[in-house]
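Same chain, two partners: chain A is paired with chain B first, then with chain C.
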Partner chain A sequence: MGKKLLLAKADVPGIRHYEVYRREGGYRSVEKALRMQPADIVEEVKKSGLRGRGGAGFPTGMKWSFLAKPEGVARYLVCNADESEPGTFKDRYLMEFIPHLLIEGMIVSSFALGSNVSYIYIRGEYDWITDILEDAIAEARSNGWLGKNILGTGFDCEMYVQRGAGAYICGEETALLESLEGKRGNPRIKPPFPAVKGLWGCPTVVNNVETLAAVVPIINEGGEEYAKIGIGKSTGTKLISACGNINKPGIYEIDMTISVEEFIYSDEYCGGIPNGKRLKACIPGGSSVPILPANLLLTTAKGEKRLMNYESLSDGGFATGSMMGSGGFIVLDEDQCVVRHTYTLARFYRHESCGQCSPCREGTGWMEKILLSIEQGKGKMSDIDLLWDIQRKIEGNTICPLGDAAAWPVAAAIRHFRDEFEWHVNNPEKCLTENFGLRHYADPVHVPVTA
Partner chain B sequence: MSDEINIPKPAGIKVTIDNITIEVAPGTSILNAARQIGGDVTPPAMCYYSKLEGSGGKCRTCLVEVAAGSTADPRPMPKLVASCRTGVMDGMIVKNITSDKVKDARNGVVEFLLLNHPLDCPICDQAGECHLQDLGYEHGKEGTRYQFARRTFKKEDIGPYIQLHMTRCILCYRCTYVADQLTEKRVHGIVDRGDHAAISTYISKAIDNDFSGNMIDVCPVGALTDKTFRFKNRVWFTKPLDAHRNCTTPGCCGKATLWLRGEEVFRVTARKDEWGEVQSYEGKPGWICNTCRFEKKATADWTVDGLTTISRHSVIGANKYRTLDMPKETVSAVMNGIAPKLLMDIHNISEVNNPNIQLSDIDRPATGADFADSAQHVAGKGESSQWHSGPNTDKG
Partner chain C sequence: MIQFSDHKLKKVQEIMSRYPEGKQKSALLPVLHLAQEEFGGWLDVPVMDYVASLLSIEPIEVYEVASFYSMYNLKPVGKYLFEVCQTGPCMLNGSDDIIAYIKEKLNIRVGETSADGLFTLKTVECLGACGYAPMMQMGKNYREHLTKQKVDEIIAQCRANAN
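Up next is the complex of A and B:
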């Protein structure tokens, strides 16, 4: 049983409300932090080794230390709750059931960063969670945790929830800031980065919900204690939202020392694959990270057991590895069609591209059309190479990472499942009624022996 | 920090683009530094417009490789960068046409831009002065790898002066910046997103303000064209003249280019510089008002300053010489003063091109008899017809 920091009290009845949350030890970190120097809190977060939980995994303490602090200019903390990546629903759980944990983390972080007005930008579809958060903010304010002169320390902090209008692109931090300012949610061209010029042109830090919630145990237990959990640079605990062909889909808090195999098959977590089916493939970190076949998922190309952490999941680079991403763990069993699956993702990215820069606007739609024609048995063999060339020309050439996010799933599907694509082209009739199946995708990986 | 204050600031920043080193002012973008060098090393720009604040970064045609960030930090940049929105650093080494990565990426961008473009240049008023045509000519490939129907949009009327062709739009956002920065209130914008994003007025239907016409000038493609010039002429048949008038509209510079054919002014535009942008006067962009652009279409309205200098590489530049030297007639010299003898003037004999006779109405092969009547008819009044001029007649 791994250590739980965020979800330890998730099952306590009434934890959503202030009285129970406070009774269970809530807001202790605010009491502690407000007596510390802001720079010491940043130092504590640095020591914890906490990495951004939104997908990129950038060290949070380092991000905070980049924040420009010019005299007389307001600074802002913005919480990115625009969780829209297919397969990722961990923030939803946190905000819906333990809203005060996020608010507590945000008060501490606002104090550390010197933000007197902080925002939670939440995806439009989470409208009921907006109400939950606003109720929780009102409770926090009436109990003196928000407003003027918090705990008599002279620190003022206000917090607002802003709903998005249903665009995946607004999860990109600069698009989020544009949207928060009331503009069209187009990503900004960087530099300048938000740490220098963010919301209303002021220095801004944008952090994921889970990242800000993790600040609470870091302050309570100390950064060094937090860093003891996990392996290497994957410290602390991570929420994984598991879905797909598993017996127990849901949110799991893991301490990043368990193996992928254990995560899928143990009863504590996903509980194996239903109906006795075999594992075919998995997207370990949300729809935009590369898909891996069963064999490369469970063991790395070096033949080691793959673990559920940042380093191990990305072991082997994109050639044989994937990414931790946002923790959206999608499992595909032997009955799933990778071509159809890739098409579904391509359709999503085409629909969610903001249309600002040409490679993403035009390329995503092109890839979707080609994938659909292969899926419908109308594809040509040259289409597979064409797909590869299109994704190659999108990746790295766009304003924001959505272009990469659209390119990577297609690239990985062709890289690892090319024979399934070819089978679709060669069997235009058959592919409409049956699936390629598991084939060799779970066979042991050949590990070259090196001297 | 105190150390930095003591060191005198360098007068300029040295940047090397495609092995050419140039010194530019701090804060210059890579693209503008390359424009100071000029020629082939200047990356193409479809969305960047130096006179419009905030423009650029979107089309990705100006991507370049930064092989060394600066003298202080000579690491290369991991990705290609948009040269229009990346500032130069001292000692920066940039590769544009010398980089295979850049060429490859740019070919990709051009392919993406042309993917859903209707390629209706033969009926497009922008043809001949279209940046996408130039870009396709320089970087595009023959043929397309796109096997699907091209994107179409519902037609929208945005007023009496500007014609919107959304199918041609590359979403450079320049027209929205013009509306933001030249007018009080922008009434059009980009609606929807992704590949179905479109320019639209959304609620109010017509774009109506004194400076809306400048949207036409900044549009790099044929998405926004002049309705008063629509289908009237090809730009390469018209002759550009620089002219000015004392315009009373505040903010209008009154300096324009008139596009004439014969004595008729077909079109009025702002004056453009070598990058296709509106020229600046006294540090201010020379935008013109709609009165100058759409209402003053007679040479009498203007004081003509002279012929517009047009790049000789431009299709518009063809046959636009400052003085016209006609070649000398050599026939009489060769023939010792004897005029060549006309053996047969086909136009005096044949009337097959007489439009009054419908060949399709004759249900058999036509014979000379079918034209007999008309031959007399035409010959009777046709002495002044140009077809009767002999080949040695000077057409003047």
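Up next is the complex of A and C:
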């Protein structure tokens, strides 16, 4: 069983409330951090190797060190709790059951960055979680962890929760800031980056919920200790939200040394696939990352066991690999149709495109229509190439990464499951009542022997 | 006349105090949520104009926001709004069947309100409950692990509460 840093106390009855959380050692990191120099806290986070847990995996300490500090200008920390990537529901769990962990991490981070007012931007649908967070913030304030002159150190910090109103795009940090300013969630052109011009034009750091929560064990145990967990650049623990066709969907905190196979089949994690069915495919890191057939998921193209970490999941690039992304792990069994699944994702991205950039605004709609037509047996062989062409023209040609996020799942589905698309075109009647099935997607990968 | 209750007005003031001087427009999304709650579950133009006046911004600044975000209803909805997720992970667990069943049961299409004005059915994209699929949002809360039987119970419960 791997070490747990975030969810170690998740099962303690009443951990949602301040008294229990404090009794279990909560807020120790604030006591420690407020006696440190802010720059030393940033240094600990750098040493920890912590990478942004929202999906991009950018080193958190480095992001913090970019924050501009002009004299007399306010700086802000904003927590990105707009969790909306299909397959991802980990931040919800943290906030719903251990809200004080996020608040504690945010107080330490606010101190490190010099933010006296910090915001949690939460997706609008998480309405009841907003109440939970606001109750927890009130508890923290009445116990002296928020407000003026915290622990007599002269540090002031207020914290507010802001609800969005239904827009995936607001998970993109500049769209989030626009939304927090009371506008449509249209991403901004970068540069300037939020670290220089963010919320209301002030230097701002935007971090994911899980990232900020991870600051707590990093400060408590030290950056170097944190970095000892995991492998290579995948340090610490990662929350994985597992869903789809598995026996035990839910949230798992893993240290990033276990294999994908163990994660899917072991009883400690997903517990295998229901009804004795076989694994067909998986999207390991949220809907935007490439889907992989069973064979390439479990084994890299080099023939090595694939592990649940940043490097191993992306081994082989997009040709034969995928990404860790947000940790939204979606499993498809042998009876699922990859064309239909890809269609629902294309529909999602069409719905969520903000409409600023034409390649994304138009392209996502075209992809949805073409995928639906292929799925319903009305597609032509040339439609598959047309899809490929459209996704290629979206990727890299938009202000924000939503374009890429919409293009990649379509590209990967065609790359690895072209047979299934062609089968739909060739069997317009049959594909309405039957699925293509597992076919060769779990066959051992052919490993080329190098001389 | 459109006017928040004193209690809600106080809440609006409290929300506006969360931002620096002159940045009260930031209160727009939370205040629109309050307005939708208070004024019948949707945002009519006079309601949006009222919100604009409260925040000292132009009405168009409210309209463009209200039309961008999917949670703001720009036309009336039933007393109970069923927002059923249909994205990938829910689809893998049978959301298509759940949507079809609700349509049949309430005799409405997606986007419509039942004749008695009680139910509106909407399909939505991923609500972050993928591990508890299929699911829907109903008001403040999520209803998860939906089955036909569960849908029957929810509808019966709503009807009982409405009477």
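A few comments on the model shown:
We take it that the second predicted complex is superposed on the first by the 451 of 451 C-alpha atoms of A that agree within 3 Å, B and C clash if a C-alpha of one lies under 4 Å from a C-alpha of the other, contacts with A are read in each partner's own complex, and residues count from 1 in each chain.
Keep in mind that, in the parts below, contacts are C-beta pairs under 8 Å (C-beta built on N, C-alpha and C of every residue); 3 or more make two chains touch, one makes a residue touch a chain.
What you see is a predicted model, and the numbers here were worked out from it, not measured in a lab.
By the touch criterion defined above, A:110 lies against neither chain B nor chain C after alignment on the C-alpha atoms of chain A.
By the touch criterion defined above, A:397 lies against chain B but remains apart from chain C after alignment on the C-alpha atoms of chain A. Legend: residue contacts after superposition of the two complexes on their common chain; A:184 is shown touching both chain B and chain C. In the superposition on chain A, contact of A:85 is made with chain C only, not with chain B.
Once chain A of one complex is fitted onto chain A of the other, the partner contacts of A:128 are limited to chain C, with no touch recorded for chain B.
By the touch criterion defined above, A:358 lies against chain B but remains apart from chain C after alignment on the C-alpha atoms of chain A. After superposition on the shared chain, chain A has more residues touched by C, the comparison being chain B against chain C.
When the two structures are aligned on the shared chain, A:167 is found in touch with chain B and with chain C. Legend: residue contacts after superposition of the two complexes on their common chain; A:251 is shown touching chain C, with no touch to chain B. Residues 167, 184, 351-352, 354 of chain A lie in contact with chain B in one complex and with chain C in the other.
Within the complex formed with chain C, the chain A residues making contact are 74, 83-89, 92, 117, 123-128, 158, 160, 162-168, 179-185, 200, 241-245, 249-251, 283, 287, 328, 330, 332, 336, 340-341, 344-345, 347-348, 351-352, 354. By the touch criterion stated above, chain B contacts chain A in their complex at residues 56-61, 63, 79-80, 82, 85, 104-105, 108-109, 111-113, 115-116, 145-146, 148, 170-171, 173, 189-190, 192-197. Residue ranges of chain C in contact with chain A, taken from their complex: 18, 20, 23, 25-30, 32-33, 55, 57, 61, 64-65, 68-72, 86-89, 91-93, 124-133, 137, 140-142. Residues of chain A that touch chain B in their complex: 167, 169, 184, 189, 350-359, 361-366, 369, 386, 392-394, 396-399.
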